[in-house]
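Each of the next two complexes has subunit A plus one more chain, namely subunit B in the first and subunit C in the second.
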Partner chain A sequence: MKHSFIDEYSDLDSLIHRLDPRVKLVTLVASLLFIISTRPTSFVTFVLYGILIFILIGLSKIPIGFIFKRSLVIIPFVLIIAIFIPFFKKGQVAGSYSFGSVHLTVTYEGLMVFWNVLVKAYLSILCMILLATSTKFSNLLKAFENMKCPKLMTMILSFMHRYIYVLVDEMMRMKRAKDSRTVGGKRWFHVKALSHMVGVLFIRAYERGERVYLAMCSRGFSGQIRTLQDFKLNKTDFCFLLTMAMLLIAIRTIRR
Partner chain B sequence: MHIPDGFLTVNAWVPAWLISIGGIGYCLRKATLTLKDRMIPLMGVMSAFVFAAQMLNFPIAGGTSGHLLGGVLAVVLLGPYARAIVITVVLIVQCFIFQDGGLTTLGANILNMSIVGAMGGYLIYNPIRSVLGGQKGIIVGIAIAAWASVVLASCACAVELAISGTSPLRVVLPVMVVSHMLIGIGEAIITSFIIGFILKVRPDLIYKI
Partner chain C sequence: MAKKVIEIKGLNYSYPAGAEALKNINLDIYEGESLRIIGPNGAGKSTLLLHLNGILSGNSHIRVLDLEVEERNLPRIRSKVALVFQDPDDQLFMPTVFDDVAFGPVNMDLDKEKVRHLVKKALEAVGMQDALNRSSHHLSFGEKKRISIATVLSMEPEVLILDEPSSNLDPKARQHLIDLLKRFRLTKIIAGHDLELILEICDRVAVLDGGAIVADGDTKAILSNKSLMELHNLEVPLSLKLK
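Right, the complex of A and B next:
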């Protein structure tokens, strides 16, 4: 099975792809901090941040439709948390509705908070998607490590990233086998069968973990993972960092 | 329940990050003591397992379906410290690869699901298991702990949203807790089925205290 949706565009060749992952990570964190600390009423600022993100997406040569599609998948999860906000904030009433015995009142203050969290969440999601689609996960992990993230954590992360595909494949195969053999039947039966499937998956995963460890031991693993490649910052990286810093600050200082 | 970026203000996400870093650092040290260098591949594969298990949809009432969260499941199988690491790793991957949950709020998500959910679940599971004893103790303990861990995590999430002023506590707490009390029932049923199965097939894999 293919899970190309994860790393599909990470080997394109563009300005964004060639940047040092550390630079991308720092820029991402800075952009997120700027976005989430913007006042909810500065609409122009949000628009400018949006334009900046779309320019970066354009530079990265990743199809914009792909990024939109990915961002739309996440929106429902954001809405689940946000949906009740406009109804419960006290303030000037914008409109009220009643469904049977339930009275819902939407206030301007509530709508403001709603807009605030939604726009910030969406812009941040776009930034994160750009990072995820323009950077290989292994490079990202190496960047974490270079930035003093505990090595234990990054090693576990890289193992997980390696085995996600294997185990998801395994689970899908088991699910397909179950689906093709069980048509109809009571819901309880299905829940139980699926639970047992997870149990089997756990045992297989656990045993695989042990086997992988033994295989590593027999190849001389001593608790340390060594890699050959190191990152080097070049001129483009510095220019990008400087430009982004200036743009972010410039957008913030525009008053409207 | 993954909180996206923008939902929390600085006075909520910065402390959450600090607590999470401290907590996970402690768990890493504790887990390394017991697992030594076996830990790296095992934790990696186990994280991938939790991730894969979360992708599986279980049919619930009507046409809807839900998925396992796996918090307490991992506690029983791996012990509380290793479990906190596994869930943290899953959350980091979900954040960076799938944009599920924000980066600034990642600390809060780790705090809710990995620390509050796991430790709460473990503290509930362990006494029940030792009082009732045997397989029955494990299953009953697991069901109650699985339910409680989901509810506890939603409480923590509600408190963080309230601190940020996103919505008042007296509103967000009941909404979150009541909805997760329902989600927790599903979690409890599925988790106890899975543990029941593993008890039958490989009882040696259940974590011994």
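Right, the complex of A and C next:
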């Protein structure tokens, strides 16, 4: 079965893909800090950050449509949270509406905060998607590990990433087996069968966990997963890091 | 007489939840031998294999490479006795092929260059050197099987233990596996039902049924013994029938 949708573009060959994942991680954190701490009124700054991000996306050769599609998955959550802000923030009234007995007033201050949350969230999301789609998950984890992220967390994520495909496969196979044996039947019956399947899936996952542990022990596992890490910073990495740092600072100071 | 690699005396084992899985097993395996363990489903083949590197331990006396199988010898034993599990998704648990094949050597505290060299050699031995940086979950089943074998070859073991290596393989992948196993000179213990494969690579067969060894000896003699084979839910391989 194909699951290429999870890391579809992580094998491309581009400047961005070739960068050391640690460099990308540091750049991401720095960019997020810069974006988040920008004053809400400096529109030009936001536009410039936007342009910078799109240049990076262009360099990475990842189709821009793909990145947009990804961002559409996340942005609704931001919207749901942010949509109420304009109504609750006190300040100069921009408009008021009443639906029956409910009075809603929108304030300029509220709109400003709303715009601020939205634009910062969107720019940050774009940055994160770019990092996630241009880096192999295993490399990303190694970078986290290398930067002293708790081992336990990277280990859990690593197993999750490895076995999510296996579990999805198992679920699909079970579902097919069920579908090919259920002809008609009440909806309630299907729900019941599904709940059994989830139970079986849980037990299978548990048993697989045991077998994987035995396989690890057979190869000398002693409580710590160790991997070879040989990230080396080269010239491109340094240049990228410096350029990005300068650009971020320059954009920030452009309109004092 | 060749060196004794594995010596099992009076091994009994019951799973905590279940009935007796192994009953009074006695088995000696010599250096360079290819032993095949056959038997119907649930005979206890996998259970027996798990004893050989100390994953399970019953009340018995097992010696592996002149080491008693017990807690303090386990690291040494496990670096010498390589066990490949039946399901490659259990065997390959790291994100990339490289990390998986390097897992054993890294745990053996070898230095970086040595690890890299061993990984390369192991992948070459199974003909998968191009897969170095691929993710395990994108491989085909046959490729996963081959890499599973590489994950233990990289530890340079003296004994190779395989559980059903040829199940679910297509004919070409299976033939490739057989050729691969033929080339390895180390002591091999293989469990499974694929009888044609035994004929090609194994010189000795042990038949396991109901947790006990019911026959042990020369491959051709045992496999062509029709009444013995049918008694234990097995069949005489076609190629021997035709002769």
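Assume the second predicted complex is superposed on the first by the 224 of 256 C-alpha atoms of A that agree within 3 Å, B and C clash if a C-alpha of one lies under 4 Å from a C-alpha of the other, contacts with A are read in each partner's own complex, and residues count from 1 in each chain.
Everything below uses one rule, namely that a residue touches a chain if its C-beta (ideal position, glycine included) is under 8 Å from a C-beta of that chain, and two chains touch if they have at least 3 such contacts.
Worth saying up front: this structure is predicted, and the values here are computed from it rather than measured.
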So, after the overlay on subunit A, do subunit B and subunit C clash or fit? They fit
In the overlay, answer first, second, both or neither for which of subunit B and subunit C A:Thr253 touches. neither
Inquiry  = By the touch definition at the top of the document, which applies to A:Val212: first (subunit B), second (subunit C), both, or neither?
reply    = both
Once chain A of both complexes is superposed, is A:Ile36 in touch with subunit B (first), subunit C (second), both, or neither? first
**Message:** A:His161 in the overlay: touching subunit B, subunit C, both, or neither? Say first, second, both or neither.
**Reply:** both
Of the partners subunit B and subunit C, which touch A:Phe137 in the superposed model: first, second, both, neither? both
* To do: Could you tell me if A:His190 is touching subunit B, subunit C, both of them or neither one (first, second, both, neither)?
  => first
Subunit A contact check, subunit B vs subunit C, more residues touched by chain B
Determine, under the contact definition given at the top, whether A:Phe221 touches first (subunit B), second (subunit C), both, or neither. both
* Asked: Does the superposition put A:Ser180 against subunit B (first), subunit C (second), both, or neither?
  -> neither
In the superposed arrangement the C-alpha centres of subunit B and subunit C open, at the centre of subunit A, an angle in degrees to the nearest 10 of 80
Taking every C-alpha pair between subunit B and subunit C in the superposed model, the minimum, in Å, is 8
Overlap of subunit B and subunit C contacts on subunit A, residues 137, 158-159, 161-163, 166, 208, 212, 216, 221-222
Residue positions on subunit C within touch of subunit A in the complex are 50, 53, 55, 75, 78-79, 82-83, 85, 87, 89-91, 93-96, 98-99, 102-104, 106-108, 112, 115-116, 135-138, 151-152, 155
Residue positions on subunit A within touch of subunit C in the complex are 3-4, 7, 136-138, 141, 158-159, 161-163, 165-166, 208, 211-212, 214-222, 226-228, 230
In the complex, the residues of subunit A that touch subunit B are 6, 28-29, 32-33, 35-37, 70-71, 74, 77-78, 81-82, 84-85, 88-89, 113, 116-121, 123-125, 128-129, 131-132, 137, 140, 150, 152-153, 155-164, 166-168, 170-171, 175, 187, 190-192, 194-203, 205-206, 208-210, 212-213, 216, 221-223
Subunit B residues touching subunit A in their complex are 1-7, 10, 24-25, 28, 32, 36-49, 51-53, 55-56, 58-59, 68, 73, 77, 85, 89-90, 92-93, 95-100, 102-104, 161, 165-168, 171-172, 175, 189-190, 193-195, 197-198, 201-202, 205
